[in-house]
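Shared between the two complexes below is chain A, which has chain B as its partner in the first and chain C in the second.
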Partner chain A sequence: MGLLDSFFDWLGFGKREVNVLVVGLDNSGKSSLLNYLRPRETQTDFIAPTVGFNLEHFVCKGLSFTAFDMSGQSRYRTLWGNYYRTTNGIIFVVDSSDKTRILVAREELQQLLSHPDISSRNIPIVFFANKMDIRDALSDVGVSSALGLDGVTNKSWHICSSNALKGEGVADGIEWLSSAIKSSLDQARR
Partner chain B sequence: MLSSFRKQDKKDEESSTSGNPYKNLEKASVLQEARTFNETPVNTRKCIQILTKIIYMINQPEMGEQLGQTEATETFFAMTKLFQSKDMMLRRMIYLSIKEMSTVANDVIIVTSSLTRDMTGKEDSHRGPAIRALCKITDASMMQSVERYMKQAIVDKLASVASAALTSSVHLMRHGPEVVKRWVNEVQEAVNNDNIMVQYHALGLLYQIRRSDKHAIRKLILKFSKAGLRSPFAYCFLIRTAANLINEEGEGTDSPMYDFIDSCLRHKNEMVIYEAASTIVSLKCVTPKELSSAVNVLQLFISSPKPVLRYAAVRTLNKVAIQYPAAVTACNVDLETLITDSNRSIATLAITTLLKTGNEAGVDRLMKQISSFLSEISDQFKTVVVDAIKSLCQKFPRKHTVLMTFLANMLREEGGYEYKKAIVNTIISIVEENPEAKEAGLAHLCEFIEDCEHTSLATRILHLLGREGPRTTTPAKYIRYIYNRVILENAPVRAAAVSALAKFGAASEELLPNILVLLQRTTLDQDDEVRDRATFYYQLLKHNDKPLNSAYILNSMNVSISSLERLLHRYTMESTTKPFDVRSVPVEAVPVEQPKANISIVSGVSPGGSESKKAREDTFSEQLSVIPEFAHLGPIFKSSLPVDLSESEVEYVVRCIKHVFSHYIVFQFDINNTLNDQLLEKVTVQMDGSAEGFEVVHYTPCQVIKCNDTGSTYTLVKLPDDSSAVTGALACTMKYTVKDCDPATGEPDDEEGYADEFVLEDVEVSVSDHVQKVLKPNWSASWEEIGAENELEDTYTLPIPTLEECVKKIISYMGMQPCERSDKVPDGKASHALYLAGVYRGGHDVLVRAKMALGGTSSDPGAQAITMQLTIRSTDESAVQVIASAVE
Partner chain C sequence: MPSNKREKSASRQYQEISGNTNENETDQTRPTTTTAATDTKSKWLSAHNDFVAGINTVGSCVELVDLYAEGSVNLVIADFGNILLMPKIQAKLKVFKEFSLLKENNLSDLPCAVVACYMDTLQPRIPALAVASGSAVFLFKSLRPYYKFVLPQMEIAQVEKDVWHKAREGNIDMRAMHDVLNDLHRGGTVPLTHRSLAFLQMTNTNEAHQFVEHYKTIELKRQSCITCMKKLNKNSADEDALNCLVIGTEDQHIYIIEAQAFTIMATMNCPATPSFLDVSGVYDVEFRILATCRNGYIYLFRRGSETPRNAIYLNSIAVGLERFGKNIIVGCMDSSLHCYTTKGKRYWKHLLPAQITAMCQIDYRPKGFQAVAVALANNEIHLYKDKFLVDVIQVEENIYAMKFGKLGREDATLVMITKNGGLLVKILKRTATFEESDTLHGPPKEQQVKIDVPKRTKLYVDQTLREKEQAENMYRIFQQDLIRLKLLTGKEFLKSVQAGLNPIAKTKNEAIRINAEVHGLGPRFKLTVKLQNTSSTSLTPIIDLFISFTYDENIYSLNPNYIEIPILITGIEYGFCTFVTCITDKVISDIIKVYVCRRDSSAPLISAVINMPVAEPNLSI
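Then we have the complex of A and B:
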């Protein structure tokens, strides 16, 4: 079965299945962003704060994504770690209009990067500086420096501004992530 | 021989593994396999198998392979990744696993959002199960976040979803009753659902929401009884609820609740009609009139072509016949037609019902009828037959030969333990009740133990033979049966047989030499217990000393074993040279017989009050031992039943329990403060019994009794110095400080509070408080043993019209145990002898013989009176005085 799978893969028929973890503080727009990636007819207008996690599926660049949309509320953040080991990539969403809590986001990011299941592996991370539409929101450069991304040298990462409600910037970030995951998987295969 | 056994074992093992593939699961390997959950893509088939194993393991605690918390949590999180598969079977399996693992794993709320999505999603078959799983993992802190989803689900169009939400909400009531109560509008809407199951479940939840408010429940029943529900289940539920209300509130058949149940007798659905009828017959308040309308309905069902209805009806009538045989007589003709019913269960029930209601002449015919198909019915129904025979024997004592023969035949045939036990119990009770049947009964039992595979039955019968055998006309003939057991049986039966033999030796000089020989042979038995017993009895009997025989063989010690163990243990810890005093060990009182539970109609309402008397006294001594002032009092001799000292509808409900010690009494007052705006502090009950010589030594106050709460305070009283005058009444006044408080929170306001008092009824210390009932299996041996040293004899004339009443009064005044079944006065006798036994405070045996005869006084021979000659013996002189004072 494994042989047949990779054969299909090689021919470019079957889609390779990958897992990504979507994290970030509560209210940053994680669920909204994934909602935008759903087919039009299944998108919803009402998004409740996530309790625990939710699963979403989407497809991009020949990869079939399973996204673990984690809850960002502080009491659930410790549970993210249970899903690090099996993930192929990370989507980190930041509310760029929430300047006070961006430091909390930075803390959480440091925690994540220093976790053994993450630090030991080459996992690509895409950052969304979300809610760019709100007045006085930080720019992608502003968010990048607030999070101290310059210091992240052992991971490939990318940041882009986004509006999860309208979808601006979302495709850009996801496409980057797809390519990054593909090349990291290919690397691993070789 | 040995090797063939081994082979057998192995074969057994193999065949059982092939039957159950999960039997030999190993935890470590299952956990190893569970790592598969982390793989992408998901291997559906394999994952389902692994989840099955995990669920199996969790549900087989006896396998000893229980998941630890860390292991369970790790596995649980790995399992959550399986939500990415859309496979239907796997998803259902995940729901099940979540429910099973929710109690072992941590942080199971991680699946909350995934489940709420499934319960609102498009896949209908996932929605109900997702709701059930969700509610299982929801605790009080999470109630808020699921509230919105639950409210929607309760009114969902899909019946399976609404039912799942309603039934799960009943479980949620435990964690957050307040939150669930907020859904009452949705629940009410669901009661009007067209689906009968949803309607039933909604009604159930509505009841749970309102249950603490009896008035609201009453309104609810009346409303729905008029609104016309579609669901017969809902009607049955209402009937049960109404019956509960009637029974709890002690209402009569004039209650609107009763009218409702009665109206259901005319419902169009058979299930509802049956429910109403079977409920009515088991109501406490039912009168012949109501009974007959319910029985009429059941009578119609008897002739129904549907076996289910016939079965239900005849089963209920069978129960009714126990309490109200006359009411069922009306159905006798119809019941006769069921005797030949092809469904043997129905036939059995019909016949046994007829046996209960019919007359003596019909017994033979019915018994014959039953024996024609006895081999075709299951043990359970055979037991029904046995029970019927038992009550027949009481009703028609003269029929005992027919019935006993029948029982003996049943005993000889195949059957399980429960069935055999029922037969043996019945024979034993006939033997005990009916002296004429004794020898025949014992003979049947002797035959039975020759080939009896049930150790507990054999030991019981041997015990009975030891007690009754020596008093028959030819005791010698039982010895062979008993001694055969010593040779042929397992150790517990051998031990019982040895004890039985000893009793024959103790009771009969003639048999003694033989018994001694048999016992001596047995002192070489390979089992410790058997050998010890044989040696003990052999040494005792050698002395041929009547008082010794009575004290240690014919009548056993009456001490409470658990207390004896405790006190002996304490004694071994002390460095004392004083011998251990057995009299200081509390007596094991004869258990008070609980009245048999009524036919329970409402499931889920367990008949309370099953706690044993033993447990009760142990808890008391534990409670009292923590109070330092009571430490030197020694063990409790007797704790009385609670007595009410206040009227029923007052602010404070006070009940008193008397704990009698060898020289003191501790009065325990349980005070219930029914006010919701006042709390009580420093509560004591002041007592005065100085006129009778009682002296209060100490008060242990109750520091605070909150609103609607109960607290206990104790008063320690020293018994009068004159040990022959220890009865009397003590005046009681409750003293306390009152503080006002806020009814909403129950918190007291800052003010000081004021002193107040409340007068209670007097507490009576009576003769029976100083005596524990004990049963002397051989009363006359005890009588001889104590001897006439402290005997007191007197003759009284009592203004009591019947012997029965006289017997009852004497027993209750003296608080002693009737022995030798002397509490039963045979019909039509003009004289009777009552034999009582007890232990007096301080551990002294007391025996009473009361010979009574009907007849007037010498001055007025026509008056309704009883002449009684009372003889009291005891090892203690003042005990004799006190007991005698009970009659005066």
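Then we have the complex of A and C:
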């Protein structure tokens, strides 16, 4: 961030640019969630499984977000690590109806947290316990305990249930992330 | 589903009782700290442990299939139910979504195999389930019974037919009936129907009478039983192409059945009853069927031939059969695992630490990982990649059925059914790697390490050239020297034997060991000669020996200098002493030779040379 930019920020002009990484297993609803955050006219009804990654933009609480919508398929999961260094926050989407793979999600989270680019920094993480509308889906508390979030003590995190198709819970989580990123940026500046 | 909830809580109780730390219920109220996912060393995530699922089945009755073509794979199990309640049959076809029961259908007989197959060309590709049980294959479409295929009738002996025909006409003579059927059975040439066999087993006349009364009007049939079933692609190698079914039967046949109209397209004669099948290829083009049989053979059938092409003899009976390309991996009852080529050549054999309870193939395409999993009676699952043991999974109970494949949306899951009816699911970690090195079997890894050979020097090149040119000469010289050395050694040996110089004397039947010690500081020493008769062939003692000494009489005087040895008994060590006095004033020492001789021979039997120490001067006070 250039000197001029920070000056503008200090004045409250313009919007701060931040990067967030959207990760989670395939089919968890990452692309759907970002689709919901788009302006209404550009939203699509049909979302194909992501290949590699896609870039999305949205604005929240005076921050301009660039979201890296990563593919969750196991063969693309190694890509996640390339973006850890530059990210300001992480959105971790979990399919709370997929009980078979909740442990796989936990394993991937464990890998993410132990990555040197993540473990050394205080990056806020928001968890979406997505697909809460599906019968038999785990609650946010259930997902939190299945992922072992109690053990995550050196990061600020937040979990909320969501329905990426209808948008329930999405705004809530994104707002938390915005303020968490803001405060972490302020902290870093000081 | 309330019943399922109950089962889950019960399973948690079970685990608490057994003190099991592998608690992995993905349940809302589950404590998080005890998950096995923290076990970082294991290559597997324990996704589900339900020890009271109450499933009783074998590997061929477990199938993983996307029943609704929605990208999420269901687990299908043909459950035997509680076989202790036989003859009441509780067999069920169970379909699971996630880990909870989605639907179940009753089966009329014990199942032996479940196969998911495509039997139409409609889109989306929704597979049907074929369940082989008894003498029929039941087809389920969308989990509803759809078609029943029955094995062809078999011939019945005319005599047997007549017996039952007579019974139908009313003149039932139990005794005569029994005798005729019994003779037929004893004769062994014609197999009887199940009905006649059941009749012969009856001991109670009343019961037998009722039996005949009940069955006499029903048409007499003889049908075989299905022992195994697999699917074969009909006209294309695509994964979702039309299938046909391959069925092995008790009466030693293999049938290929078209799954659209249920006609038998091909029949093969197997020399024995097949127990496991492996099918590859495409029916219309070329296919191979491998069948392990109850006589301990594996037979290979190919398109267009009714009889087997090849036969491989196993030393034991097969308990599992998997194929990777041209390699056949077969587990046997004598807890051995073999790898053969389809031509019958054996690549390797491993003796496993315990009996095999289940086998399955692991084919994880995204990583190109192929292995065979072998569950053992010591609660371990061994993974063999080629001949290398690459992983050992510990489980809590004996595994009776296993299947690897896609479950739900996860590509690499291993579904296991335990002896006591538990359902376990493990997921292969994305980061897991299997090293082909193996300390148990095969050459060590170091053998593959290339040695860093230094550059060839001029000297080396010259030397090799010379060796090339002069090879014959060199060889001859070497041989000459070698022979000369041998001759020299022989000569010396002969000399020492003749002179009795070596410390162990060996004549034809006498062996004596000598050992001499010098005690004291001087000028007076004590010399002890120890002799032992070491001959092991004869136990007769050696008699008539004596010891004498040679020495410089200017330096030493010995008393006595001649010792009689009356007898040497085998094994016992004798000590003979003499006193040596140094009689010179000079500070010198010399040697003393000890000879053990026979009275009747001039050459000593054995001798020893003693280096005497320098004597202290005589201090006379």
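FYI, the second predicted complex is superposed on the first by the 188 of 190 C-alpha atoms of A that agree within 3 Å, B and C clash if a C-alpha of one lies under 4 Å from a C-alpha of the other, contacts with A are read in each partner's own complex, and residues count from 1 in each chain.
Assume a residue touches a chain if its C-beta (ideal position, glycine included) is under 8 Å from a C-beta of that chain, and two chains touch if they have at least 3 such contacts.
This structure is a prediction, so every number in the text was calculated from the model and none was measured.
For the composite obtained by overlaying on chain A, chain B and chain C can both be accommodated side by side without a clash. Contacts of A:L138 after superposition: chain C is touched, whereas chain B is not reached.
One of chain B and chain C touches more residues of chain A, and that partner is C.
Of the two partner chains placed by superposition, only chain C is touched by A:R77; chain B is not. When the two complexes are laid over each other on chain A, the CA centres of chain B and chain C sit 70 degrees apart as seen from the CA centre of chain A, to the nearest 10. Contacts of A:Q111 after superposition on the shared chain: chain C is touched, whereas chain B is not. With both structures placed on the common chain, the touch criterion links A:T66 to chain B but leaves chain C unconnected.
Once chain A of one complex is fitted onto chain A of the other, the partner contacts of A:S179 are absent, as it touches neither chain B nor chain C. After the two structures are overlaid on chain A, the closest C-alpha atoms of chain B and chain C sit 5 Å apart.
Applying the stated touch rule to the two superposed structures, the chain B and chain C interfaces on chain A have no residue in common. The touching residues of chain B, counted against chain A in their complex, run 38, 40-41, 77, 80-81, 83-84, 107, 109-114, 116-117, 142, 145, 148. Against chain B, the residues of chain A that register as touching in their complex are 17-19, 48, 50-55, 57, 66, 71, 76, 79, 82-83, 85-86.
Remark: chain A residues 25-27, 74-75, 77, 98-104, 106-108, 110-111, 136, 138-139, 141-142, 145-146, 148-151 touch chain C in the complex.
For chain C in complex with chain A, the residues that touch the partner chain are 24, 26-33, 35, 37-38, 45-48, 71, 98-100, 366, 407-411, 413, 425, 427, 429-431.
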